[in-house]
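Next up: some structures, all given as structure tokens.
The following pair of complexes shares a single chain, chain A, combined with chain B in the former and chain C in the latter.
And then the complex of A and B:
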């Protein structure tokens, strides 16, 4: 195969992987601190993208043209709104049900997700149609033989990787991160040590939801299109990635995300006629991996299970 | 005591109201007809446009003092999903007060409804779905269709692209529903007959977002034309991602993506020069097109009537006019509908063959010019002022 085409496949695979990993990191954060599975995550992603899109349209209507300003305000609004939404979801739906069976939380978040998705469809103007997402990043194309890379793709990949790295640093190197890890290991003991449990949970949900919003905006910027169902499949894939990597482990989430992207791309490259089955293949492999290693590729230390 | 008195007064008031209202309401016998369409989901723009058009037909009919019956449209949402389609088809067919069913838009959902319609033997007029098997898959006495099958548009498309435009090499992407697969099957068949080459074909689920891997593979194969068999949302994605990957091939679509939402989604500049076949003349050129446009505007709907609105309108008027003749009796309606011959609808004359298929297909070649799907023959592309990709 021509090296240019090979690079093109790798590039699109990496881009997919970055978005999957970002979604998966969110799932892992929620699970880490509170042992909950937050199925509204995918729809939070969609909502974030839609808030940013609405902000963009509003700014354009006000006559603001500068891409930098537009992007900054879009991100601020999208990420801010979703961080707030994450806090609200945690405060009113997840925390009160802390002692209820886990499947109740799972159901509640699933329903919050459906409500979000349907609200976008019903209340956003012609929300059931795909919406054009603005290309505010510079999209100068660069050619190397058959490889064509646009500047915006590079920016998105670098941003995604940088954000994942930053989240990792935040969790491992800051006091707030330490608090999150402490709660993740043992909520009760963390409380006794003077950590504000509720505050930590809210922080984790704000962080995870803002991350989802960023993934949503990046997804929109890359595909130049969002629709009310964008987050549905991304949510499922992100969740699978988090589980296969090892729920609760941030490296596992990243690994899982890239693994899933790799599996999807391989099918198309190796067997074009079987493209229709690429998700069957990818999910099939994930099922196999889960059977072989139920704790995930990078399994959690068993201490938490004691 | 006090309570019973209140209840009595209440009952009396309700009774009075009923008596007072009765002469107004029961001037005509009310007949219910069901309209099935995807009213939610990714293709709901087409479904809602169709529903509005059918509603408009009912409204105009009811306003006519000469009509014997007052019609009531029961709109049901099939979400473009086969499973939901079966549910709503059963709901409509099993309701004895519903005299006929008009539906639906999505082929994948409609083909799933067919066995239900046959079991209940309810009179049906399909208003948009184009999968051939809906009418030709079995011989029934109750399923009819005003829209055409997708066979003809692919025959016209293959001939036009090979003979008139001299393209030779294709790659195809189709959605993996019955609709997409059938589109591809017929185009591939006719393309071979016309001597074109299909380099590769890719089936993708209709809700798939990322197509870069598929398109990179296509770029590697370097076709002149990318054929797409599917609905608007997927079409928009393909076009955008083709642009991102710098693919210069001509984009050729099918009837499922003709309409304003495609251009709104892709943007006018990207959509420019996209070719698609669609089985209807531009609305303004239809026999009743001007009337329809005016009335639709007057009715003040928020949503456009979309691609199949005029068909939905025609299917509804056909059903209502038939019931006016036969009275509300399913068996009589069924028999009368099948005998439809040269019925003057706004889309033109409608005649059903032995399978209930409208035999007046009017495949028109469409091209996007300046942000609108227009008749190829009236475009600047036909005159040579603008050119398709690679010509």
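And then the complex of A and C:
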């Protein structure tokens, strides 16, 4: 194996890891503030990508050609719409069932996800077919030996890493982030301390959903294609990543995201003939990891042992 | 067993209006009415006829609830459960007999019965013991693929193939035992979700099992009687699905009997204890792990057996039959029926499976409609349409 090829795999692995980590951060945010799993997350990601795509097509139809403007408006529309969607999901489906068993919340968000996915499939023009996603980023290829890197890949990876770092800063360094952490630690006490509980929950859902939309757009830009089922797999992988890392822990989510990408990449690099089995292998290892660390790699210790 | 809009549970306390041991008549009338309705529903075609039928059913239901007919029905059903089980089976047989020549209707009836069987498996797991299983389709698929492989490559009698389908599903589930026991809540949900996805992608890429193209499955033969040949009775050739409808009904009855016995025994009571409070159950000396293992394996065996018959009935299976959305449909059925309520499964399964088949206009929209229906039920009636009643610990009768 030539070092150039290896670097190629590493790059695509990092790209996957960034997207997975961004999805996983959303899961972990929701779990942190409300102890719920929001299974519609993956389909929010798809919806974000589709809103951006529709915006792009609309702008092109209006005659706007500048890639910078296109990208900015696309992102603004996609992220904004999904932040709003996240707030709506929280307000109408998650918060009303706060005191119901967790299974109920899991199920209702799962069904909200199905509804979103099916709506895209049925109501987006020819939505059941894959849609080509525009390459708005400059894609000049650079060659180093066998390694070929497109500029857009580098931009995407850097953006993803920067966004993850920013979210981390937001959670750990700002007043709003402090409120989120307080609610995550103890919702009741946070309320007593004068934190607007509902506002914090909605903020967390808006933030997580906007992140998902961004991940969806990045995924679309990277593969130049999206379809109505894109988010299903990404959502499940993001969920796995968040859980393996330890729910509620933002570093755990990032770790889990990159771990999952690493597992998939290992299969592709080490056993090229078994490439098709990369998901089987990755999910299998995740299940094994859960046996060893039942509450995740950076999880809280389970005290409920008898 | 087909039919039933407001079927009760044996452990329910009779409604106040019928406190003095009601006669079985209201329940019999109810079952007959529902069977007639189901038959008409399955026979009519055309959007307008269906719409009329829907309106009639809705009005009848409202009138029945207002006049207290439903509570009398429930009370009578609960008081005479042994008799009513027989009546329900007879009604079911009658529906199948009336439809004996119609391939499509019988296929739907058989599919409904198979989904009921699988959902009883899920009920044992989630409804009784509280073990989450989001990989129902995977165990259903395990049974189906077992039937395909054994049917094509061995001369094993097909009743044994059916059992083997259940056993393989149970064994496959055993792989998950350790992770499921070690984890709780969301973490346990992840395990089964991941497993379901893993199973599906394994089938897609494994060429020995047909890959994405799937496998052909030989039809079922029981004691030399090939089910794929329509019976000829009095010069009339019946649909071969008639045979499958009988077999699926027999399977559903067998699984129903086991499920109910389980629920009523001390095992069922221990399951309840584990579901309601694991910690408390273990402090009272229950072996929580063994109970969870038991529920999980038994449930998977039921699901696998249903899958095996499904494969032999449809004659062809592919990975898309067993993807995540199938698992969700199974969960949606037990959720709509009321988690833990065995009798609720039948109307829920009938609703979820028959409606899209009959209304071709909404066929395309069926997943959207399922999700909307489940969301509404969860928001406004989180315990399901027909919630499980509290267990009656000291039944006045010996139990039927």
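Everything that follows uses one rule, which is that the second predicted complex is superposed on the first by the 299 of 306 C-alpha atoms of A that agree within 3 Å, B and C clash if a C-alpha of one lies under 4 Å from a C-alpha of the other, contacts with A are read in each partner's own complex, and residues count from 1 in each chain.
FYI, a contact is a pair of C-beta atoms (placed from the backbone, for glycine too) under 8 Å apart; a residue touches a chain by one contact, two chains touch by 3 or more.
Model, not experiment: these values are computed from the prediction.
Three-chain overlay on chain A, with chain B and chain C in a clash. In the superposition on chain A, A:104 makes contact with chain C only, while chain B stays out of contact range. Judged by the touch definition given at the top, the superposed model places A:119 against chain C, while chain B stays out of reach.
When the shared chain is aligned, chain C comes close enough to touch A:240, but chain B does not. By the touch criterion defined above, A:291 lies against chain C but remains apart from chain B after alignment on the C-alpha atoms of chain A.
Of the two partner chains placed by superposition, A:159 touches none, neither chain B nor chain C.
Within the superposed three-chain model, A:148 lies in touch with chain B and out of touch with chain C [touch as defined at top].
By the touch criterion defined above, A:279 reaches both chain B and chain C. By the document's definition of touching, of the two partners only chain B reaches A:264; chain C does not.
In the three-chain model built by superposing on chain A, chain B overlaps with chain C at stretch 97-105, while the rest of 61-69, 97-105, 187-195 or 277-285 show no clash. Shared contact residues of chain A with chain B and chain C: 232-233, 276, 279.
If you check the complex, the residues on chain B that touch chain A are 40-42, 44-45, 176, 200-205, 207-210, 212-214, 216-217, 219-220, 232-233, 236-237, 240-241, 244-246, 261, 264-267, 303.
Across the interface of their complex, chain C is touched by residues 31, 37, 93, 96-97, 100, 102-104, 106-108, 110-112, 114-115, 118-119, 122, 232-233, 236, 239-240, 243, 247, 276-277, 279-280, 283-284, 286-288, 290-291, 294-296, 302, 304, 306 of chain A. Considering their complex, residues 132, 176, 178-179, 182-187, 189-191, 193-195, 197-198, 201-202, 204-205, 279, 282-283, 324-325, 328, 331-332, 335, 364-365, 367-368, 370-372, 374-375, 378-379, 382 of chain C touch chain A.
Interface residues of chain A facing chain B in the complex, by the touch rule stated above, are 1-2, 5, 8-9, 12-13, 15-16, 121, 126, 128-132, 141, 143, 146, 148, 150, 153, 219, 223-225, 227, 229-230, 232-234, 264-265, 268-269, 272-273, 275-276, 279.
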